[in-house]
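Working notes for the structure below.
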Amino acid sequence: MANTMSVLGPRRKASAGRLALALVTGLILLFLVAPIAVVFPLSLSSGELLVLPTPGYSLRWYTDFFTSSRWLDATWNSFVVGIATMVLATLLGTLAAFGIFLGRFRGKALLLAVLSLPMVTPVIVTAIAMYFALSMVGLGSSLTGLVLSHTVLAVPFVLLTVLASLQNFDQNLLRAAASLGANPVVSFRRVVLPLIAPGVATGALFAFATSFDELIVALFIASPGQFTLPRQMYAGLREFLSPTIAAAAVLLILFSVLLLAVNEFIRQRAAARGAAPGEPTP
Amino acid sequence: MLGMSRRNLLAAALIAPLLLLVTLSFLLPLGATLYRAVDDSEFSTALPRTASLLRAWDGQGLPPEEAFASLVAELRQAQQDQAAGGVLARLNFEETGLRSLLLQASRASARLSAPVKDSLIALNPRWGEPELWRLFKRATGPWTSLYLLRSLDMRPTDQGVARAAGGDAVFLPLFWRTFEISLVTTLICALLAYPVAFTLSVLPQGWANAGMMLVLIPFWTSILVRTTAWFIILQREGPINALLMAMDIVDQPMAMIFTRFAVYLAMVHVLLPFAILPLYGVMKGIKPDYMRAAASLGAPGWRRFLRIYLPLTMPGVAAGSLMVFMLSVGFYITPALVGGSGDQMVSYFIAFFTNTSVNWGMAAALATLLMVMTGLLVVAARLLVPGFRSGGVKV
Amino acid sequence: MSEPLIVFDKVTKSYDGATQVVKSLDFAVERGEFVTLLGPSGSGKTTTLMMLAGFEDPSGGTITFDGRPLNNVPAHRRGIGVVFQNYALFPHMSVAANLSFPLEMQGVGRAEREERVRGALDMVKLDHLGDRRPAQLSGGQQQRVALARALVFRPKLVLMDEPLGALDKQLREHMQIEIKHIHEKLGVTVVYVTHDQGEALTMSDRVAVFHHGRIQQLAPPAEIYEKPANAFVASFIGENNRLDGVVAARDGASCLLRLADGGEVRAQIGEDLPVGAQAVLALRPEKVLIGSEAQGENRFEAEIEELIYFGDHTRLRLSFGGSDDFSARLTFKDGLGPLKKGDRIPVAWSAANCLALKPEES
């Protein structure tokens, strides 16, 4: 565990400097969460305007959300696209990561750079490229096109998280499995997959979140029937700023917190299991 | 377990599906899009015979009568086939007014008597200008530097390249603005991230985890939702103005939304976690022994910080800053929602040229330059920061 | 005599197509034999083991196992048990599940699996730890589990790749004996890789000394130690004094070697050396007799440079024969005696105890 004394001097000097630092940190953390927190009371307003203090509290905007076919369709679309993206990206990303891990060939770094190019390319560039290409093959406004695009955007995250968990994977376990009679498929299923499961799960979660939050590609590809939640929200912001948007934002925040919690749960369980395979403890 | 060749075969089979997907759904579309930045096929597609006549023409004086006749005939035909839109837009983009010039000629085509050259010049003296024909000749493709030059506020001419006329400097300031906004955002993020990451890295684990949650929650909340929050908060009638007025700090609402200030506020808020997380990771990894060693060697606190701690944490600062800068440069949604018309960045114009003005050549040229800008940045970071690894892996 | 279990026939291995890690291996391992591959790192011993296990493909030649060529037989169809240096126990499975794994792969029924897993755990004296995870075991226990796992599916051959490398000295020596006992009890063939010569000498029926991708000598331990085939083996196994000289005369199995300082030594001919050839004299420090015991064909006087006390023995560093690093190893029955630095003392050894070998090519 890092120790404060090491950097700033002994603890007895827990003085003005330390206090100022704590204060600054607190203020910055407040800046990070406050805007998110402010949306909660606004979404519960009984009034038509997004003002604080609210005239009163009600769930009318949530009712509005859950009775509006536009918002419900968008929610449905988001889940369909998100889950499809997650499945596709996790499957392809995990297999490719294992392939990269297994392979003994030159140009691995280049291959990895190419496969993670969508991550560093400005999203708008990806979006228009997809838009041009998908309109050419007739998937211009379709959920399929959206899933393909989102998969391309999400796959680097799966690839990198799975590769990171493979870093801790002892190659000798594969050899051991083979020497004990397991063919490559069985080794992968019985030995590799259980050990990199936390990485795969995190990657999957990321893939889902990437798609679920994605707006720019959706702006170009989704037509009104295929609006996703972010797309619907953007349309709402552009047209008429109703507190329903605040309600939608709150729902999305809660969902993000849920995803974060699941991810933390996975991480902590992996850490508790001592997920450093192959390292004998004294 | 497998021998070497078998192993690589299996590896290839595992990688192939993803590589195929990325190639088909990303690399090819990206390549095709970037190609549009230099593609110049409208003229020769719509007016093929004229194009070949102009290519054969030496560019001296005026082209032969045949070219005049062909241009008018093919233009007329293309219009009847509804195939003239592309070439008209292309030529009018290079020089405003060419669309009406061409349409005038097309409309008059039935009435033009031979020789067409003289009739056209009689119709509009511009047809007698060699520069016009040389512009047409340049437009016969197959490639053009027009869009890329325009994106840099320049234009191709007979003599080479010229600066765009006076008030037309649009895109260089746009790139400069994009760079400026990104740089300022990055600096603010780095400055704010450092104390937060440090404090979290030295807190007892329980407190550090709680603090980390306050970083991770915004991190996992989508950019749009966070921008939306700012969009709501900064409204004229929004909570901040209401609060300021209630406290009598201001007597009328401040204009906060649609300003550069709003853009910085929202962008820093969105990107700050990207700067904190890598820095926290690096700081967590620094063994107290280094600082103890420095202390035992007689370095006072501030010198320990400057000489030991700061250099050791620089890779974290660099990784976070690069991530923030790279994301900033491509920002679209946040400035579009909370910024004014003078706060829009390159991405906004790429979207604009794609959707609104449907000038895909310009969209592609701006996209290419944006990619180049990002690419140069990554290369520069790799060169300047030793041992640097790019990677936006979320924690 | 039945056919050998393993035959290497002109096996070569190169990773980059240019440098050969293993150069034309030809050797055979008999059924039930315990053969150790010994050599410094990079000598090709581990690569040889990997090719046998099927983790690497030979670049040329054939490996025959139990009468059939192994080329193109993937590792999981070879039925060869392997004990890894870091044990490679599956960390997400219990000890019992680790042992059960190969039996499942063979399609052994549940009841028999449990029976055999119990038997294997009994054998390595871990019958009470079947439910533990590998991480909950000590290094020595993990080592036993790895051993049991490699044996539980009754392979004809078990490969061990430095299996004791991660253990401390005491435990290592204990496990050496235990492995040896299991080998004797089960009669399984073992090919064992180590860089620890003590381990190789105590455990093996035969030792193959590897260097530069070749087997330098393949022989029983005593022969390796007493009759090293060349200067590399002589220097790699145990300690050896090396004195450079020229062959002055030959006489049947022995020769006369003229040293740098003009002294002449009678030695056995270890390798074919013509008169006039450069040679190196290999002589173990414990074969050197001093003082009143200094009797033998070769008798000289040397000066004591240094006395180093080791408890069970004392080493003398002597200057002699053009070298100031000539060692003698003394075991005193009655204390250290009157020797001290600077003394000139008689030293002697029998011609039967020293070998004339070709100098090593560097």
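Chains here go by letter, A, B and C, matching the order in which they are written, and residues are numbered from 1 within each.
To be clear about the criterion, a contact is a pair of C-beta atoms (placed from the backbone, for glycine too) under 8 Å apart; a residue touches a chain by one contact, two chains touch by 3 or more.
Note that this is a predicted model, so its numbers are computed, not measured.
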**Prompt:** What pair of chains is linked by the most C-beta contacts?
**Reply:** A-B
**Fill in**
Reported most central chain by Cα centroids is A
**Complete:** Averaging C-alpha coordinates per chain, one finds the centres of subunit B and subunit C separated by a number of Å equal to 65
**Message:** Please tell me the distance, in whole Å, between the geometric centres of subunit A and subunit C computed from their C-alpha atoms.
**Reply:** 54
**Asked** Between subunit A and subunit B, what is the gap in Å from one C-alpha centre to the other?
**Response** 24
**Message:** Can you pull out the residues of subunit B that are in contact with at least two other chains?
**Reply:** 1-2, 4
**Asked** In subunit C, what residues contact two or more other chains?
**Response** 53-55, 74-76
**Residue numbers of subunit A (touch at least two other chains)** = 175, 177-179, 184, 187
**Message:** Can you tell me which positions in subunit A touch subunit B when the two form their complex?
**Reply:** 1-9, 21-22, 24-25, 28-29, 31-33, 35-36, 38-39, 42, 49-53, 92-93, 95-96, 98-100, 102-105, 111, 114-134, 148-149, 151-152, 155, 157, 159-161, 164, 174-175, 177-179, 184, 187, 206, 209, 212-213, 215-216, 219-220, 230, 233-234, 237, 241, 245-246, 249, 252-253, 256-257, 259-260, 263-264
**Item:** Residue ranges of subunit A in contact with subunit C within the complex
**Value:** 170, 172-173, 175-184, 186-187, 190-191, 194-195, 273-274, 276-282
**Message:** Which stretch or stretches of subunit C touch subunit A in the complex?
**Reply:** 53-55, 74-82, 84-92, 101-102, 105-106, 134-139, 142, 149-150, 153, 159, 166
**Item:** Interface residues, subunit B side, partner subunit A - complex
**Value:** 1-2, 4, 7-8, 10-15, 17-19, 21-22, 25-30, 32-33, 36, 192, 195-196, 198-202, 205, 211, 213-226, 228-233, 235, 237-239, 242-243, 269, 272-273, 283-284, 286, 288, 290-292, 295, 301, 304-305, 309, 326, 329-330, 332-333, 337, 347, 350-351, 354-355, 360, 363-364, 367, 370-371, 374, 378, 390-394
